[in-house]
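Letters A, B, C and D mark the chains as written, and numbering starts fresh at 1 in each.
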Amino acid sequence: MGDLLGVAVLGAGHMGADHIRRVDQVVSGARVVAVADPDTDRAKEAVAGLDAVTVHEDAVAALDAAGVEAVLIASPGPAHEEALLAAFARGLPVLCEKPMVPDSTGALRVVEAEARLGRRLAQIGFMRRYDAEYQRLKSLLDSGQLGRPLMLHCTHRNVSSPPYFTSAMLIDSSVSHEIDAARWLLGQELTAVTVLSPRSSANAPEGLLDPQLVLFETDGGALVDVEVFVNCGFGYQVRCEAVCESGSARIGDDHTMVVTTRGSTHEDVPLDYLVRFADAYDREVQSWVDATRQGLVTGPSVWDGYASSAVAEAGVRALDSGGRVAVELAPRPDLYGNVSR
Amino acid sequence: MGDLLGVAVLGAGHMGADHIRRVDQVVSGARVVAVADPDTDRAKEAVAGLDAVTVHEDAVAALDAAGVEAVLIASPGPAHEEALLAAFARGLPVLCEKPMVPDSTGALRVVEAEARLGRRLAQIGFMRRYDAEYQRLKSLLDSGQLGRPLMLHCTHRNVSSPPYFTSAMLIDSSVSHEIDAARWLLGQELTAVTVLSPRSSANAPEGLLDPQLVLFETDGGALVDVEVFVNCGFGYQVRCEAVCESGSARIGDDHTMVVTTRGSTHEDVPLDYLVRFADAYDREVQSWVDATRQGLVTGPSVWDGYASSAVAEAGVRALDSGGRVAVELAPRPDLYGNVSR
Amino acid sequence: MGDLLGVAVLGAGHMGADHIRRVDQVVSGARVVAVADPDTDRAKEAVAGLDAVTVHEDAVAALDAAGVEAVLIASPGPAHEEALLAAFARGLPVLCEKPMVPDSTGALRVVEAEARLGRRLAQIGFMRRYDAEYQRLKSLLDSGQLGRPLMLHCTHRNVSSPPYFTSAMLIDSSVSHEIDAARWLLGQELTAVTVLSPRSSANAPEGLLDPQLVLFETDGGALVDVEVFVNCGFGYQVRCEAVCESGSARIGDDHTMVVTTRGSTHEDVPLDYLVRFADAYDREVQSWVDATRQGLVTGPSVWDGYASSAVAEAGVRALDSGGRVAVELAPRPDLYGNVSR
Amino acid sequence: MGDLLGVAVLGAGHMGADHIRRVDQVVSGARVVAVADPDTDRAKEAVAGLDAVTVHEDAVAALDAAGVEAVLIASPGPAHEEALLAAFARGLPVLCEKPMVPDSTGALRVVEAEARLGRRLAQIGFMRRYDAEYQRLKSLLDSGQLGRPLMLHCTHRNVSSPPYFTSAMLIDSSVSHEIDAARWLLGQELTAVTVLSPRSSANAPEGLLDPQLVLFETDGGALVDVEVFVNCGFGYQVRCEAVCESGSARIGDDHTMVVTTRGSTHEDVPLDYLVRFADAYDREVQSWVDATRQGLVTGPSVWDGYASSAVAEAGVRALDSGGRVAVELAPRPDLYGNVSR
């Protein structure tokens, strides 16, 4: 083991503080050397007990702090573009939480900036690609054993949504995970989207369209349907069934402990995504640290971040219009050769 | 046990012969007394070994044969309307295989004829209502425990389709089962349908759109999506997940024997609907015999048969047009008070 | 269909009344013509609504009633030997509920009587052999695909035991099902038995050793362990895992409807054996009627009944002694060539 | 994060090299500073690429190397006693792979040595206690929700055994995991053991008794049965079902990806324990590092290591004698108050 990779963490909120803990306690080979948050008290609290960490109000100042070799961006989405461009300007490798940039125009600027550099510096935080079940499914589809994928049936359920959640956020926040997962699993771009809304659940807040059924078409002729239901009340469930020409494969119905009590067998369903995907977050950051220490950039690219924004925007327009909306993507720079890499 | 109910079976093809065997060997309380088929040799073969059965070329002649107290219609769909009306004219209780009448105009004439009689004589052969798993799901939904149903996710897969199968038949023959099941499970009428076709499987015959994703909207604000895939190659699978306001319930993933051999556990998937639904067919005919012997008519009504035809027709138009097609139903006669009865 | 087989039912208690209903309403090809029970009021009640049935206080009188062509014995165990011998004397085919004869000495007299006749007349009511899951397991083991069976792990759980239940009855009443199932599945005789009793459940009645772990050795070198727990409180569960040289197979964890509500997925577990094995009872009686009408005798033989009694007796001695007890069987008459036939 | 904990690893074979990799790449907060192995070439290979690690032929020399703050013992079992006592003499915290000391006399000497110190220094490598499923089961049993545990049904299957494996090693090497797991899950000591051997599998090497059924009794009146089958050929399977007074709970049937191809659904079964328990090993070492850095000793104690040896020895005697063998334990020093801590 060489020296520990010096990481600047931007943002010390819920996600940022969790990543600080992860780099400190879970991930080997890295250490936090700088943290930035406009609320410096919050930042100080997040690094309490750590040695030799500088705290900054300004994100750019943190990038310039002593010992910073890489950047983990966990600030709010609107701050991402500036932080990414600043990291690119300094040649610093970046792990950027999703959404990379909330609007696709800004996202495209990031793509263009990195393409101008001519080498990848950024890994985007689509952590489902690091989940063991998704990896198994991807690997099975890539093997060709089941033939060409024809449809993906996806379920995305949360117990309840936060108070600020809007109908559009079911698509551009929740379903954005499925957008990336579908692109990655299929190795195809999404070309059109349709949104159907049944009568909303009585448990959804007044005015929120929940659940929704979101349908994607792909440039490979596949269909993807997503049930998104963020006030389902009964659990955090993420499932995906790939229907292929000669077989189907399903993840997300993981059995663990089966308990039998009077008249029924039951199994726990996690109530929180941190429970379900705890290992995926760890693997994601570990693999970023490992690659960075070898001078490599792997994982989801800024092109993936851009494509995800563009599809989500089309999805919100489909929700508003009630019809099918085509997705228009800018030409893909050569740097990002393959959608599913 | 009183005397055995005397049944005339119309049609001695695959389905008719199976029903003759069922009445003879499986069902208690009934016996076959007359059989009609234009191919009288086939009819004779189907009743070989049975005592006291008359064979007729003409369906109406069979209805008038001695000892006939009830009619089981298993002839081809286009012959159903005439047979139903003839049975009504004679006051004979009928069990009629699906489709009741293939076109919704003819189906509506049957509804009107029975409504004029003022009492039900016909039970339609939607045998999923007699499947133990569907009954469990219906009973759970009706209990209200899970709140209002918001969506049904349905899967309907066949190993392969017969040579004469058309893209429209995926809807009006295969999905017609889900049409009735959705109406019955939800107690709602279907109001619009949209059909999406991904690039067809390489295993589908040239020109057949297979699989398809069929979307129904209901007058209760629910959504129903159906994956229909009739050349999936891997098994006969019928599944249904009801997503409700406070829970979900899924049928069709029945475990039976779990076998573990090198590196994997596996379970059989039936390759044929007769395996999966064998008991449902038995229960269906038994319950018709039991009700008939008590002078009652229960089970799916001719209204259900008509509604199913009307929805299937709209589905085929949606397939052709590529858009959403609204379903128009005639007013429901009082005789058929409640969709889900 | 020829004439209906005329059946005399001996015993009109819980089991007898259920069999009367089954012959009348479920099974095709047979009718009840005579019923015997010392409590003739109970017998009359059990046949209310049936035509042309004679009611008798005495079992032998019922055998001699007009129209009797076959006998179904559902009287208490101690009455079975006399009834079986009387049926043999009249050449009447018999379906006899388990235990065939409670003590192995009496059971052996029945074996010898039938062997003297030189043809089989009796089928014993080990209905697990007619259960679809057991049949699938038997068929897999017989195929040789998994190699030689080495162990059977069995579970037999009841919600609660009736008040008269004794520690010995856990073996000679409950485990007697596994005794026959193990002999049949393996095609081997059981040669020794050991019983271990953990500290009893607080939910077991005072003085009842419940649960118990019963271990059988076989003449083919296999081991069978049975957890019997008759006051488990949580469900009626019958499971069997066969561990073989190159794979294992498990039945009894049947999934049906999977319901997800807050924080867990659950499935029903039946609370009663009549729910779990309803179809097996129907198939058992139907197959007896079918065979009888063709002049055949199939299914579990009186040798199976005898062997079961002998093993159960050894089991009770093992429970009393705390040690291993060898099973001694009389020589098997040629009539019953093969243990697993 | 403070400084990294300096660890000496004793043994650089399969397990030792894996732990070196783990401390270096997976676990945060620790680094390898010294390695000992009689085969110093092997040790050098295991630390290739690591900075500042000293390599020693002699275990005690490694303990005295600069920077050593804690010891991970992964040398062969017979070397453990000396290494443990040397670590105790230097006041160094230890993580010692199982078996702690292969014979129970030596194991007891370790217990007495630590008891004389008056504080715990050693954690024993029973890594199942760190497996997420076992932890869930332990936590459920401790909650009391299911009442008192009455039986544990355990399965321990390996694909194949190494060439040097003996019948006794099925017990003192394989089943030793279940010995500790049962003691920990139940919070009870094991008091007697019986071993039954069916006719061995044709796939077991000549002369090896495989599979075996091992039965344990506990001082709390529970029974534990273990199927151990080390040449099962079909997978690495570790399962445990706890049967309690008012419910049962089962782990080890974990579903992950369900694949459906022609005629069957199947799921992977791991072929290797490193796949199944990868996370448990990581958690074990991480939790030792975390505790050690806080000056604490947690996890399985040397008493647990001793009790496991003593039970395994009794098991081997039971295998040899064919009867029940009681387990005799020395008095438990106060330092190890509670079996299940």
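The rule is simple: a contact is a pair of C-beta atoms (placed from the backbone, for glycine too) under 8 Å apart; a residue touches a chain by one contact, two chains touch by 3 or more.
By chain, with names taken from UniProt: A, B, C, D = Inositol 2-dehydrogenase.
These figures come from a predicted structure and were not determined experimentally.
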Please work out which of C-D and A-C is bridged by more C-beta pairs in contact, and write that pair.
C-D
Farthest from chain B (Inositol 2-dehydrogenase) in C-alpha centre terms, which chain would that be?
D
Return the distance between the CA-based centres of chain A (Inositol 2-dehydrogenase) and chain D (Inositol 2-dehydrogenase), expressed in whole Å.
37
For chain C (Inositol 2-dehydrogenase) paired with chain D (Inositol 2-dehydrogenase), centre-to-centre distance based on mean C-alpha positions, whole Å:
44
Hey, how far is the Cα centre of chain A (Inositol 2-dehydrogenase) from the one of chain C (Inositol 2-dehydrogenase), in Å?
58
Which positions in chain D (Inositol 2-dehydrogenase) touch two or more other chains at once?
233-234, 246-248, 260-262, 268
Chain B (Inositol 2-dehydrogenase)-facing residues of chain A (Inositol 2-dehydrogenase), complex:
147-148, 150-151, 153, 196, 198-199, 201-203, 211, 213, 215, 217, 220-223, 225, 227, 229, 232-234, 243, 245-248
Within the complex, chain A (Inositol 2-dehydrogenase) is touched by chain D (Inositol 2-dehydrogenase) residues 1-2, 24-29, 31, 49-51, 132-133, 136-137, 140, 146, 246-251, 253-262, 268, 279, 290
Note: in the complex, chain D (Inositol 2-dehydrogenase) contacts chain B (Inositol 2-dehydrogenase) through residues 159, 233-235, 237, 260-269, 271
